[in-house]
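Both of the next two complexes hold chain A, though its partner changes from chain B to chain C.
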Partner chain A sequence: MTPVIETKNLSKWYGNVLGLSDVSLEIESGITGLLGPNGAGKSTFMKLITGQMKPNIGAVTIRGKRVWNDYRLFSRVGFCPEPDAFYEDVTGWEFLTGLLRFYGFTRAEAADRATRALAIVELSADKDRKVRSYSRGMRQRVKFAQAIAHDPDVMILDEPFSGLDPLGKRRLIKLVKDFESEGRTVLVSSHVLPEIEAVTSRIIMIHQGKILAQGDIHMVRDLIESHPHMISLRSPAARAVAAAFVDDASVLKMTFGTDGRSLVVETHNRDAFFSRLQAVVVEKGIEVDEIDSPDDNLQAVFDYLVGK
Partner chain B sequence: METKGRTPAVSLGASVREVFSFFFFLGRRTGKTRVFFLVGMIPVGIAVLVRILMAGRADDLAAVFSEILMVFFVTFYIVILSLFYGTSIVAEELEGRTLSYLTSRPLSKTGIFLGKYAAYTSLIFVMVTASLFLSYFIMNSHRLREAALYGAFLRYAGVLGLGILAYTAFFAFLGTFLKRAILVGLMFGFGWENVIQYFPGSTQKFSLVHYLKSLLPRQPSAGGKLAILLFRLEPSSPATAIISLVVVAAVFVALGCWVFRTKEYLFEE
Partner chain C sequence: MATIREKGYYHWDGRLEERRFPWWPITRTGIQLAFRKKWFKFVFAFGFSPAVVFLVLIYISERLEDFKSMFGGKERLITVNPKFFMDFLTNGFLVFIIVMVLVFAGAGLIADDLKHNSLQIYFARPLRKKDYLLGKMAVIFFFVLILTFVPALVLYVFKLVFAGSFRFVLEYPWLLLSIVGFAALMAVFFAFYTLLLSCLSKNSRYVMIIVFMIYLFSQVFYGIMQSIFRTPYMALFSIYENLLQAGAFLFAQKPPHAVPVVWSFLVLAAVCATSALVLTKKIRATEVIR
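Showing the complex of A and B:
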């Protein structure tokens, strides 16, 4: 299959700081998730493939055409940038119709498309409010609307789910998945694994400006499973909890905090640990203030993968 | 949503037109425009005051207009407006991180720059003309039946229009590559442009204000022993002045387009 987006030896640095290093990728139609912790180089990559920045080395093509300074390509590309930035003094309606006119649509066409895009992101009722008065979630939705309003074949969405409430996130995830069924190409970035997992199983993992892996998301899950999980909890009876797990073979290590109330457990079977913890807490009447799983953040996963 | 078969890119003319419409509309909404519009009411207030204080001395009013109010327009109002709007053509997109909304559309960067330049020069011209119109006709309300009055008004408006085109082009060019373009623009607009007028000979031709003043009707200059300390305009011919201002505007617009098209703008995250 011919790749829709292709990068060859793509590198970008800011002064002495490396933003992206020797990235060669082929992205085909369907949804591809770009996954990486904050500062991994996701936004640099997104800016390079949308022609916002010029590569120091290498090239980016969309449908075989070089992106940098080829504005003609953008009639078929929709871009949802990551920053929460807008022309604040316009209404949501004016924002969309104004940007749609840049595609050469007539006033009536632009109005029609803006109406549909606002309906899709459920902002029709608020279209006449100024963007500056929108909540973070509404701003995120109108930003998404401007990326889809001209009906692009290729959509590049940089952290589109950030700032959305769970319901809004679920709706947007459904929308993105609908685009795949229409045969479009969607590249969506996030630093939150479950967000990417919800939209696609095809991922590109990026870390410190380099592509770590490309393929199926289950591979990442398997990699995570093969490493011990860290679970931290806070309880006035932290030592009693620890005592209950001393003979548990799935627990590899336990560390107490200096305050005597915190405990960090390393286990290679998280599900078994939680199941036993629940039983212990009920059986012994132990009060637990907080349970956290630091491994759930992407940085920890990447640290495992790069062998830190 | 169906859009297959639409035009792949917007022509340069259409790009300029659409960017102009959007930013002319947007420009009217900003707080900056409201503030500068109020500043433009200063000469109107002065005109009202002068009319009251100089009631019965109609012959002196023309001199007051050209020596005080036009000086305000030429050396302050159009310079400050051009500075703030010209430098903002690129700077506001970078500071507001909105540039990607423009550069991810099928618009050429030349079209974006020209469209915003056209929008902002038009906006400035509207503000300046409104202020000029009110102050001029308040000052000359006793001569409204004289046809020459309207010709003179058009001449003043034309001179200011040329000044707006030239200054905005220069400041827009500075804004395409300087981080602190306003500061440099302030030094140019209110430093260089003022100081160089006091230099005799052809040195003053290295300022834009020289050509603007060359196009204005002149009052007889003051004489006496202190005359050497006073600014003495050694005017260029009207044709030279007009051509110079048009060339300055064209050259700096072209340079601005070139820099904007070729430069990579990095946002400060």
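Showing the complex of A and C:
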């Protein structure tokens, strides 16, 4: 079966800066998550596959057709860019109907599709307000609406969850999942692991312009679990907390801060540590001001994967 | 063992449709947005005042006997001929109003897209760069032609109606072509001129000032250089004087400056070529960060 999106030796650089290096991928239908820290090359990759930029080396095909210079292909592709990208003096309704006219829809068809898309993103009530007056979340939703309004079968969503409140995020996640069940292809990027985890288990990890890993998200989770975790906490009784963990085999190292209130714990079993910490805090009546897991972020996982 | 999941893949066999005029939605939006600007409607409406004056002049020229007592013989100076139409299309007030219309309707055409990152939204659709530029140019064509070609055509028709014969048509059979040619020249030149400046900045207010100032400054600069060097070639520095020269050529009149008309055409063409070059380089879906 022909992959929906295929890239071969895709490379892009900006002057001396490497944006993407030798990326060869096959993306099939369903949802694929593109995961990488900020500046990893996610947006460059997405702009290349939506024909926004010409690759220096390599080629991108969508359904077997080369993307660059085949503008007609975009009638089947929906793209939601990361930054805001609209005329602010038009209403949400005008923004959508105006863009729909590019696909050759009649005025009535465009109106009908705009109505449906705005209803899907729950912006029907605000459709006649100028985009200028939209909140961050509403702008994100109207941007998403323009990507789906023409009913594309390939959707490229660049950081679609950023700026959304938890409820909005949940709604969007459900929408994206619905698209998958309709047999569409969705490529969604994020630098937040739980966001990608919520929509798909199939991921591509990108870092410094290179594809680091491709496969099931559980593989990444396993890597995170096997990677020693740092947990920092602040408490007036930091040494008492430490004393309770001296005999814990999952704790590898404990470091005290100079202020006597901070403690950094290194453990290879984060879940076990947290459940024991809860018990210790309740049992001994210890006051804890702050708990943080500084390396529980994507950058740390990537650093670990690249052997930093 | 990995789970075997059913892929909801559907094979799309449809034809990729093409819109007949893909640039039209851009033009439509550009025209709509211009009319939403505060002062635009007033300036635009004011642009028809020369047409009204020239229409009255045509009426007077055809009813000389009725106005004899009012003008005391001066009405005889009003002659409707190709020069009359050239004067209408090249009069300083009309060109000034056209520049003002461009300040309001044209300055933000590309600048606003650059400001709002709209290019990536446009080019993620079945739209080519040339469609985009044509759409933007068509906005300027619309406003320039509606202030030049349409009133000139109306004046022409009224001349025939007031005269009640087609003698004028037989006398100057090429006049309509001259009107079309000069109006088209103005539209094309001002489209390139405005879009060139509009693509140079993300700030449309700044572009508005530049569109106006360059037009004005070219005229002032011509005046200064002319008084220093006392050569008619200094007229080539002025946008307006070059349009006058081209207009004189197209309406078969004596050029106002003793400079070969081809030089003026070359200056106007050079501005258009520079604009085309810059636009091709500047308009791309994504801003490349170096």
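Keep in mind that, in the parts below, the second predicted complex is superposed on the first by the 308 of 308 C-alpha atoms of A that agree within 3 Å, B and C clash if a C-alpha of one lies under 4 Å from a C-alpha of the other, contacts with A are read in each partner's own complex, and residues count from 1 in each chain.
Rule of thumb we're sticking to: contacts are C-beta pairs under 8 Å (C-beta built on N, C-alpha and C of every residue); 3 or more make two chains touch, one makes a residue touch a chain.
None of the values given here were measured: they were computed from a predicted structure.
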Fill in: When chain B and chain C are modelled together on chain A, clash or fit
clash
Item to complete: Considering only touches as defined above, state whether A:17 meets chain B (first), chain C (second), both or neither.
Response: second
Practice prompt. Check whether A:151 is in contact with chain B, with chain C, with both or with neither, and answer first, second, both or neither.
Written response: first
Worksheet item: Which partner does A:87 contact after superposing on A: first (chain B), second (chain C), both, neither?
Response: both
Discussion item. With both complexes overlaid on chain A, does A:63 touch chain B (first), chain C (second), both or neither?
Written reply: second
Fill in: Contacts of A:116 with chain B and chain C, given as first, second, both or neither
first
Practice prompt. For A:50, decide between first (touching chain B), second (touching chain C), both and neither.
Written response: both
Practice prompt. Could you look at A:289 and tell me whether it touches chain B, chain C, both or neither (first, second, both, neither)?
Written response: neither
Item to complete: Please indicate which partner A:103 is in contact with in the superposed arrangement: first for chain B, second for chain C, both, or neither.
Response: both
Discussion item. Counting contacts the way the document defines them, which residues of chain A are shared by the two interfaces, the one with chain B and the one with chain C?
Written reply: 14, 47, 50-53, 71-77, 79, 81, 83, 85-90, 94, 98-99, 101-104, 146
Fill in: chain C - residues contacting chain A, complex
7-10, 12, 16-20, 22, 24-25, 28-29, 33, 36, 112-113, 116-128, 284-286, 288-290
Discussion item. So in the complex, the part of chain A that touches chain B is made up of which residues?
Written reply: 14, 43, 47, 50-54, 69, 71-77, 79, 81, 83, 85-90, 94, 98-99, 101-105, 113, 116, 146, 148, 150-151
Item to complete: Would you mind writing out the residues of chain B in touch with chain A in their complex?
Response: 1-3, 6-10, 14-15, 18-19, 21-22, 25-26, 29-30, 96-109, 261, 264, 266-267, 269
Practice prompt. Could you please specify the touching residues of chain A with respect to chain C in the complex?
Written response: 1, 4, 14-15, 17, 28-30, 47, 50-53, 63, 71-79, 81, 83-90, 94, 98-99, 101-104, 146, 153, 180-184
